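Chain naming follows the written order as A, B, C and D, and within any one chain the residues start at number 1.
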Amino acid sequence: MSGSTYGKLFTVTTWGESHGKGIGVVVDGCPAGLELNEADIQRYLDRRKPGQSRYTTQRSEADAVQILSGVFEGKTTGTPISLVVFNTDQRSHDYGELATCYRPGHADYTFDAKYGFRDYRGGGRSSGRETIGRVAAGAIAAKLLATLGIDIHAYATAIGPVTIDRNAFDLAESLNNPLGMPDAAAATAAQEYLELCLKNQDSCGGIIECTINGMPAGIGDPVFDKLDANLAKSMLSIGSIKGFEIGDGFAAATSTGSTNNDAFILTDGSITKATNHAGGTLGGISDGSPVVFRVAVKPTPSISQPQQTVNCSGEAIELSIKGRHDPIIVPRAIVVVECMAAITTLDLLLTNMSAKLEHLKQIYDR
Amino acid sequence: MSGSTYGKLFTVTTWGESHGKGIGVVVDGCPAGLELNEADIQRYLDRRKPGQSRYTTQRSEADAVQILSGVFEGKTTGTPISLVVFNTDQRSHDYGELATCYRPGHADYTFDAKYGFRDYRGGGRSSGRETIGRVAAGAIAAKLLATLGIDIHAYATAIGPVTIDRNAFDLAESLNNPLGMPDAAAATAAQEYLELCLKNQDSCGGIIECTINGMPAGIGDPVFDKLDANLAKSMLSIGSIKGFEIGDGFAAATSTGSTNNDAFILTDGSITKATNHAGGTLGGISDGSPVVFRVAVKPTPSISQPQQTVNCSGEAIELSIKGRHDPIIVPRAIVVVECMAAITTLDLLLTNMSAKLEHLKQIYDR
Amino acid sequence: MSGSTYGKLFTVTTWGESHGKGIGVVVDGCPAGLELNEADIQRYLDRRKPGQSRYTTQRSEADAVQILSGVFEGKTTGTPISLVVFNTDQRSHDYGELATCYRPGHADYTFDAKYGFRDYRGGGRSSGRETIGRVAAGAIAAKLLATLGIDIHAYATAIGPVTIDRNAFDLAESLNNPLGMPDAAAATAAQEYLELCLKNQDSCGGIIECTINGMPAGIGDPVFDKLDANLAKSMLSIGSIKGFEIGDGFAAATSTGSTNNDAFILTDGSITKATNHAGGTLGGISDGSPVVFRVAVKPTPSISQPQQTVNCSGEAIELSIKGRHDPIIVPRAIVVVECMAAITTLDLLLTNMSAKLEHLKQIYDR
Amino acid sequence: MSGSTYGKLFTVTTWGESHGKGIGVVVDGCPAGLELNEADIQRYLDRRKPGQSRYTTQRSEADAVQILSGVFEGKTTGTPISLVVFNTDQRSHDYGELATCYRPGHADYTFDAKYGFRDYRGGGRSSGRETIGRVAAGAIAAKLLATLGIDIHAYATAIGPVTIDRNAFDLAESLNNPLGMPDAAAATAAQEYLELCLKNQDSCGGIIECTINGMPAGIGDPVFDKLDANLAKSMLSIGSIKGFEIGDGFAAATSTGSTNNDAFILTDGSITKATNHAGGTLGGISDGSPVVFRVAVKPTPSISQPQQTVNCSGEAIELSIKGRHDPIIVPRAIVVVECMAAITTLDLLLTNMSAKLEHLKQIYDR
């Protein structure tokens, strides 16, 4: 694996640049027999499509996905599923300054440092369009998990300084407003704040929370491949994400053991927890409670106000970024978070199948 | 890889249970020619050794490491380095209730859910003693990195509610006080807070920050194996860590693009950044600034006050945990954070060697 | 990795079915800065293209490759190179019996056993067309290796009972005759034998030899990732290959130590070997001599004479296979062998870069 | 993974040098619940122990294995199983010439080329003693496979020019004679041939065959991780093995399709094959027939007659190797072949668990 592949058994290999011929993904290790068609995947891609509100880039791409392999007569065959979205809106223009300058907050400089040069068109491999492959793969993982009773939902809990009221939490509402907040009043306030940002030629960040319901206890490996460790990696692998916390997260650092410990209790004869400070994982293994984690999203680095920077020739310059950019990354990143969580969860579910000799006997019983 | 191995080229495989025969690690992929002896490793292990202050468990183990392979005539040979610490203080006693109850905040229940049963002695594989292997491996990575001019330091920035004063920051001080805080006054206040916790038969958490100095620009892969993604995984893979943030982290979520972007500037003709909100990484690749990240550590779950819980037979019980436990995990986790950071950094440095054709030509030039 | 990905640093992920939309490959980990265009790849694909002689299937496909990502301004960028060949000659017909019967010597039955069902069109994933992805990826590896002075050539040393005369060995000739034999007389005799096979509605096998020239000493890992072990895997992963041997191979089993040992000698002050019974590898690591190995190719299983077999309903049937099939696999497999050897060699060359601390110092020297 | 780890889910990491402190292995990913004790492993190690006949080295080591982790109350816990054999017979002597010369047929020169220097004591990491780790791990895999009805047996079919008579094949006999041949008459003839070799201060090679009985159909991945490809890699990863063939192997190259194809037939209502030219695998996936493969073993390179070679200073020298060496590697390699086959088979069995959605539903059914 060389950096564009994720997962041990359910492996996802993304490829493609923002302004190249297309963006795609190869999903290997999907169990055979899952009903799947392009609409299942398009539904997820449509959630990250640009141009859906005035807070997302106005680039208009249909982002229509094609399944090129791995599905036969409506079902996955167990062989690699190749998915592609051809780019259709690559404006052929002069990249001029962007080809030679190092935009603050972007990967231009670091790509040059690593590879010696870069595809400077629209961010190249570092563009948000790379997430198309993740979302397409995640849609498959999510569909498979749903057949096992596992559902994943992400939503924004903060946009800039505006945070949701937990007492007003309404998951359905998060699909109604353009910011994905599960609280209509907060969404309104956040839109006001965003208008201010736009007026200031500025951008802002936010926080996305994700909940995995229906997770069976016992998933995740106890040492390096902890459920939370793998989720953390998959989240920080999304561009612009600067932090990850599970359960009470950073707040646990100021808590005490007597408060932070979740007592085990019996509910209808089953073992459950009285609280969920842990966020659904103990020792890196799921405990049967919902898995709850949050990620911090930085403000969009592309802003139209003038910025000081340096070009490839090592000269100080002033830069004003033109073009179509999201003033906030959060709304379109929500489905990416959900999809990376689905991929991570499914991969651990598959590796967990061999945890017990008893499981082998179930499957290879003759 | 099955969960106890970490790394692609510099791979670390830990093994061992708290009360088994020993704890160890196999380090594979260490470049040949590094001078190494047991003292290099012992120095790091001594920093995580129990019994160093009244805030760490009183279990007294020398934790003396032996190098069993991979070093010849004082230098690494390029073959696996096997390191072992034999357990010497496994008290042979009746684990009684602990064998059958599910301690809140511990992995007892989740191990049973995953594997069907567990080694219940002292936390088994989930014990903090598993980190001996990580520290031993990390000591090697750190020594190698130092030869390339890369230094890694971790320290506590918060213990419970007590946080350091950034203006009083003194790295050397962090090695002077038992809590690893780079601020003597904060360390004193934190000790007062800990006395209160002890009196209340309670425990507390904290925050550890880690800085990687001397990191060349260009390290880390742009998609799934981002420098920050791999650091996040390695950190969350440490027991009791509930959150990770890089640079401004969660604070970036409330910032704006114009503030959060770090301007590129020229310093003595070299490209640097005016600020470091990013924490040393752009697009997942190091940018030449110091890499700075923080982790949240939860309060020790083993507390001596009575707790409600459930046993393996599904009966509600009251539990009082006896024995030797740290009232706070932070001080001994500092070196673990440092070591996991070293392992992660070195692994990415090795995989980065093949980023450019030019590098191949340098090495295979004939 | 889930079975369709090969390689640790230079990773190759193939996808696609014989009669699906296309066949492709994602190459990740190719160093940045290699000049590459579609013609470089097409040249190799043309060598495995069907319809080139009366001994290869008459299916006529241009097999035109497209580079979808990873190349910018004529050079590799270090990011994934996605390559696709769209299928154009999928005859839309009734697969009838082939959809439900288990062809002898084919993977129909085993796919059903593993996955529960299969894409029965033209062999699906098990078709020889899967090798398009390998050849496309191998063309890149071969081009890169050539820039380092490493050249790989494969050719047929036997077709059915006809073997080449080592004294008449002429590498150039192997590109002149349709069977890829480096001996014109043997090629003529082999063609006579093949005519007999065709007349008998039968097929035959053969042996392919591959030589890697210019391999530096020191490549390959000493334990599981031996150069010869990785070559063996990559060769046996090609459909229809039933055996692998390096150097004297099976003949070494009847030799003696005094004969089989290759004496080290000095040639112009450099250490070389007087003979090459070892085939260029000692202890799994290249020794500076040419790497020489052979593979055994089984006869094409699709023959038109009637065969006894069983169908999916568990009924005995008689089967006569119609359609376009190669009477011998060898000629088109030659380039596949060459390409898998190139991929394997390059991958080991990349992982070898971190073998010595000295190499790190060369690259990270500041 | 850096060359000393093998396997995707059942992973085996070996460490140790011939004359270092010990040899060991960490087995990760062994399913929990397998009954296991040291005797289970010792039984296999005793089969590769030196000093068992006049045809194996006279070095006398008990090679007593210790389980250091991963087993609790007599059963595997699912966590890493660390096994160690401490070296006890490292004669402390002057390695003199061996420290500086390059023995023909050995890895001395290639280690120096790769790493810059080497542990020259007794072959270091390249010693046959490295296989202790493989055998210890394979003993666990074999025990687990046996609980699923899968049995693996290896034996010698040729020693130098002496081959077994297939009509006299008697598996039990292979455990009776010191050469592991399943034919008493051949074993006697082979011993005569070996006496001649000893008299000539020479050595010889041979062929080992391995049969896996009880293998369910459907195991192995169709592309790179074919059952036969993984077996080939695991076999060529054993020192001194120069060739691998499955089923008819190299003989298939001279066969015809009509002969080589195995007809599917019905046996008691089940689908089986009339013949087994394929050796139990079709398209890389097991077909329910016994898996049968052979490996070629080269003659022991350490012979006592004088040989020409070169030393580290680049001077031509004459070398006479003293010390304890096997005149033939085959007898002790048999159990290594068996164990690597067990490891490979179990690993593919575990990864196969997620091949079908139906399997997931069986295990995660609630």
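The rule is short, and it goes like this: a contact is a pair of C-beta atoms (placed from the backbone, for glycine too) under 8 Å apart; a residue touches a chain by one contact, two chains touch by 3 or more.
Since the structure is predicted, the reported quantities are computational estimates derived from the model, not experimental observations.
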Given chain A and chain B, the chains that contact each of them: C, D
Most distant chain from chain A, judged by the mean position of its C-alpha atoms: D
Centre distance in Å when chain A and chain D are each reduced to the mean of their C-alpha atoms: 44
Mean-CA-position distance for chain D and chain C (Å): 26
Whole-Å gap between the CA centroids of chain A and chain C: 38
Shared-contact residues (touching 2 or more other chains) in chain B: 1-5, 8-10, 14, 29, 32-33, 78-79, 114-116, 125, 216, 222, 351, 355-356, 358
List of chain A residues in touch with chain C within their complex: 1-5, 7-11, 13-17, 20-24, 26, 28-29, 32-33, 66, 68-70, 72, 75, 77-82, 84, 114-119, 124-125
Residues of chain B that touch chain A when the two form their complex: 1-6, 8, 14, 102, 104-107, 109-111, 113-116, 125-126, 130, 158, 160-161, 197, 200, 202-207, 216-226, 228-237, 239, 242-266, 269, 271, 274, 278-279, 281-288, 296-303, 305, 307-310, 314, 316, 351-352, 355-356, 358
Residue ranges of chain C touching chain B (in the complex, touch as defined): 8-10, 29, 31-34, 76, 78-79, 144, 147-149, 216, 222, 349-351, 353-364, 366
